[in-house]
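Have a look at the structure that comes next, please.
Chains here go by letter, A, B, C and D, matching the order in which they are written, and residues are numbered from 1 within each.
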Amino acid sequence: MDEPVDDHPPAGETVAQKQHRLFGRGRDTGRIEYFTDAVIAIAMTLLVLDIKLPELGKHETIFEALGRTWEQFFAYALSFVIIALNWVFHHRRFRAIVRYDSTLIWINLAFLLFIAVVPFPTSLLAEVGPTPEIITLYTGTLAIIGFLGGLCWWYAHRADLLSTTIDRELYVYILGSNLIAPVFFLLAIPLGFLLQAVGLDTGWALWFLLLNWAGGRIWARWRGRREVRHDPDGELAG
Amino acid sequence: MDEPVDDHPPAGETVAQKQHRLFGRGRDTGRIEYFTDAVIAIAMTLLVLDIKLPELGKHETIFEALGRTWEQFFAYALSFVIIALNWVFHHRRFRAIVRYDSTLIWINLAFLLFIAVVPFPTSLLAEVGPTPEIITLYTGTLAIIGFLGGLCWWYAHRADLLSTTIDRELYVYILGSNLIAPVFFLLAIPLGFLLQAVGLDTGWALWFLLLNWAGGRIWARWRGRREVRHDPDGELAG
Amino acid sequence: MDEPVDDHPPAGETVAQKQHRLFGRGRDTGRIEYFTDAVIAIAMTLLVLDIKLPELGKHETIFEALGRTWEQFFAYALSFVIIALNWVFHHRRFRAIVRYDSTLIWINLAFLLFIAVVPFPTSLLAEVGPTPEIITLYTGTLAIIGFLGGLCWWYAHRADLLSTTIDRELYVYILGSNLIAPVFFLLAIPLGFLLQAVGLDTGWALWFLLLNWAGGRIWARWRGRREVRHDPDGELAG
Amino acid sequence: MDEPVDDHPPAGETVAQKQHRLFGRGRDTGRIEYFTDAVIAIAMTLLVLDIKLPELGKHETIFEALGRTWEQFFAYALSFVIIALNWVFHHRRFRAIVRYDSTLIWINLAFLLFIAVVPFPTSLLAEVGPTPEIITLYTGTLAIIGFLGGLCWWYAHRADLLSTTIDRELYVYILGSNLIAPVFFLLAIPLGFLLQAVGLDTGWALWFLLLNWAGGRIWARWRGRREVRHDPDGELAG
């Protein structure tokens, strides 16, 4: 699959140039997608497998113990939903990315490294609780994942790896949708320290993560209303 | 793969509308299926990997120790079979689902969340035993998985994502087959509490899970006998 | 993918019959293969991840500690190789199996259940050592996997799921190659008890597992020498 | 998929010969690639999941504890990057490998065995630290992976499994790029013992691993500058 094509070999080409011409780019992103799916699936599933029943107190039923530790479940469910959201974005992104090069593969691998890291701050959040430091680690990881997703999209446009159906306006719109979530994630960090300073429950900062949904709405309303210019030559010139 | 098609762009379309037209639906469900397979495979395999040999008693052989803890193996095997059954249903369902949209993807991700949860109540069942509370958690999880599978099928029909080979009668028949199992699962919950109240072994309630097979037979006999109407226009009108 | 085809609907067909006609069989075994690969990959990888460094003795280097516990590594490597061998057989088998039905899927799922079980007796072997009981559990699991692989092949022939390139003689030859290994595996069980009875190291029985390679050679020599009859009508009649 | 083709059956063929003709080689490497991806994805993800927060000292913040144990993170990140690099090489290699036989499959399985082993020396490195013995185990494992990758490429050329776009010069160039990294890895072993002998921090030997990047540059400059001969008959004759 995705066998390299050796057409139009230029005269006087060196071996290194030939390797680059044959392998520098590829047309079938299938294997990149399935590899990504495998890593995301493992990170998501192991996240849930990490859930443990707390020690039962005296005269405590299992339901009471589960109720007492609902914050633990909230942490795992939140991470599951955010990784799932990143899978949905990745799935959509690679419908539009129809070619690849080495740089795109490495951006995607960096994205996967931080996906695989998510269970670590999640278990800190579940076991230690939402201190400002742990909120920083947790939302910092999520923000990096979001930015790497945006970087992937930005690079794909810059290196001409996108489908021709994506014109400049749509590219910018999707880039904005990709970046608005990690920006909102980062806002949770000062909020956590602020809540601690005024003596309130720092856990409220986590609910702030869900506001990225609101951010997406605002962006969609502000930018998404523009009409598409039907200028067939404007796609890459933009 | 599954590159968006930009045909018939309407005049005066906004960017948000264009994104929805290009990415709101897709034709190749392959990546959704393989991602699902990866999550199910991990949950199933880790389930079995959870099995531990009990501490050997004095003068006890390994076979005796395994025999003494057969209920543990029964719990894992039961969960394995039920997840396997859900894979079979999912496989069959996505032969008929030939398009997708975002809502279908999120229903499928919720289904996967609960698949990933299964090892948790299974290990409770294996380690603590079949108390009515644990039976509630265990069969509740299985019932939610079943209902989400049914919801996926219901939504696919409603949003016109099914193959045209599925007429309304076949759709209703399969929906019934999908929902009969979780209904039977839920019946195990009051049965567990009832068995406890009358002082009997609550473990019998788990055997009740296997009765969903009988439920499927009854449904197949009642509904499946109807003749198919050969009305080519009735498919979507139904 | 693998959308059901609704051709030649018979008059007076019931809904249950229509479901069976559309979904009872399928033509694309791709998803079955990838699901199998995911389960096998997880079982193989987690097997290796189970390896732990033994406690270092006083004045002991890491190499000495690893040397002292080489039997542990032997157990994991043996299981890895045998699961790998089963993957190779599965890969080859599903090149010839070009259709599937529900029964084939369930035989394959039973095969996967026992693949997922392998790390359990392997860790017993690594931690407790090759007692006759553990050899029985270990080689029993491997034999069941082998027999389920053979059952898969036997059933595929019986239910007409094989490629037409597989004539009866080749079918019988491959069935024999599939069954010879588990038969040799089973022979290790009485050997373990025999070695214990005469006071020898029961670990020798494990080397016997490698003899299944010799068994394959003997079978290939005895049966494989026969000439193929070129009788195009004999394929399914055989 | 990849159904065997039974064309030109020779007269007087035995069953064993027919099996070899039909199954000895195959044309679709897809399943080998996806199986490889699953194993690599699991090894990479579990590597990261192994990261644990150190015990917090008195008055120590989480950031200080993470800072104190940065070598642990370095070990995991290094292993992640090196496995990722091997995935990139494997991905590129199997674009050029367009056929397979049994030997290639077993070389690939041996490659996967050592990929699955990586988390073991990585956790030794993270927990015990960079003693010369552990550097030997760690870089030895990485070197074996590199050599098995090179063996895969060498064998694919020898057994005529490569795309015709790969001429002899490009084959030799890629073989060199594949082998330069493990050679540099092996150099870290004597360096570790040397650093210990002169009383320096043995951890410096690990940075040496990153020099394989420099090795690749040197090789590319020395060999890659040669012009490609445009001799269409020279490809396999080379």
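What we mean here is this: a residue touches a chain if its C-beta (ideal position, glycine included) is under 8 Å from a C-beta of that chain, and two chains touch if they have at least 3 such contacts.
In this text, all values refer to a predicted model and were calculated from it rather than measured experimentally.
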Cα-superposition angle relating the copies chain C and chain A, to nearest 5°: 180
Type of chain C:chain D copy interface by residue overlap (half), same or different: different
Whole-Å gap separating chain A and chain C, where each centre is the average of the chain's CA atoms: 38
Chain B and chain C: spacing of chain centres that average the CA atoms, whole Å: 27
Residues of chain C whose C-beta touches two or more other chains: 34, 38, 42, 46
Touch list for chain B against partner chain C, complex: 28-30, 33-34, 37-38, 40-42, 44-49, 51, 53, 61-63, 77, 80, 84, 87-88, 91-92, 95-96, 98, 163-165, 169-170, 173-174, 220, 223-228, 230
Contact set on chain C toward chain B in their complex: 1-6, 9, 11-19, 22-23, 26, 31-32, 34-35, 38-39, 42-43, 46, 102, 105-106, 109, 112-113, 116-117, 119-120, 124, 128, 131, 133-134, 137
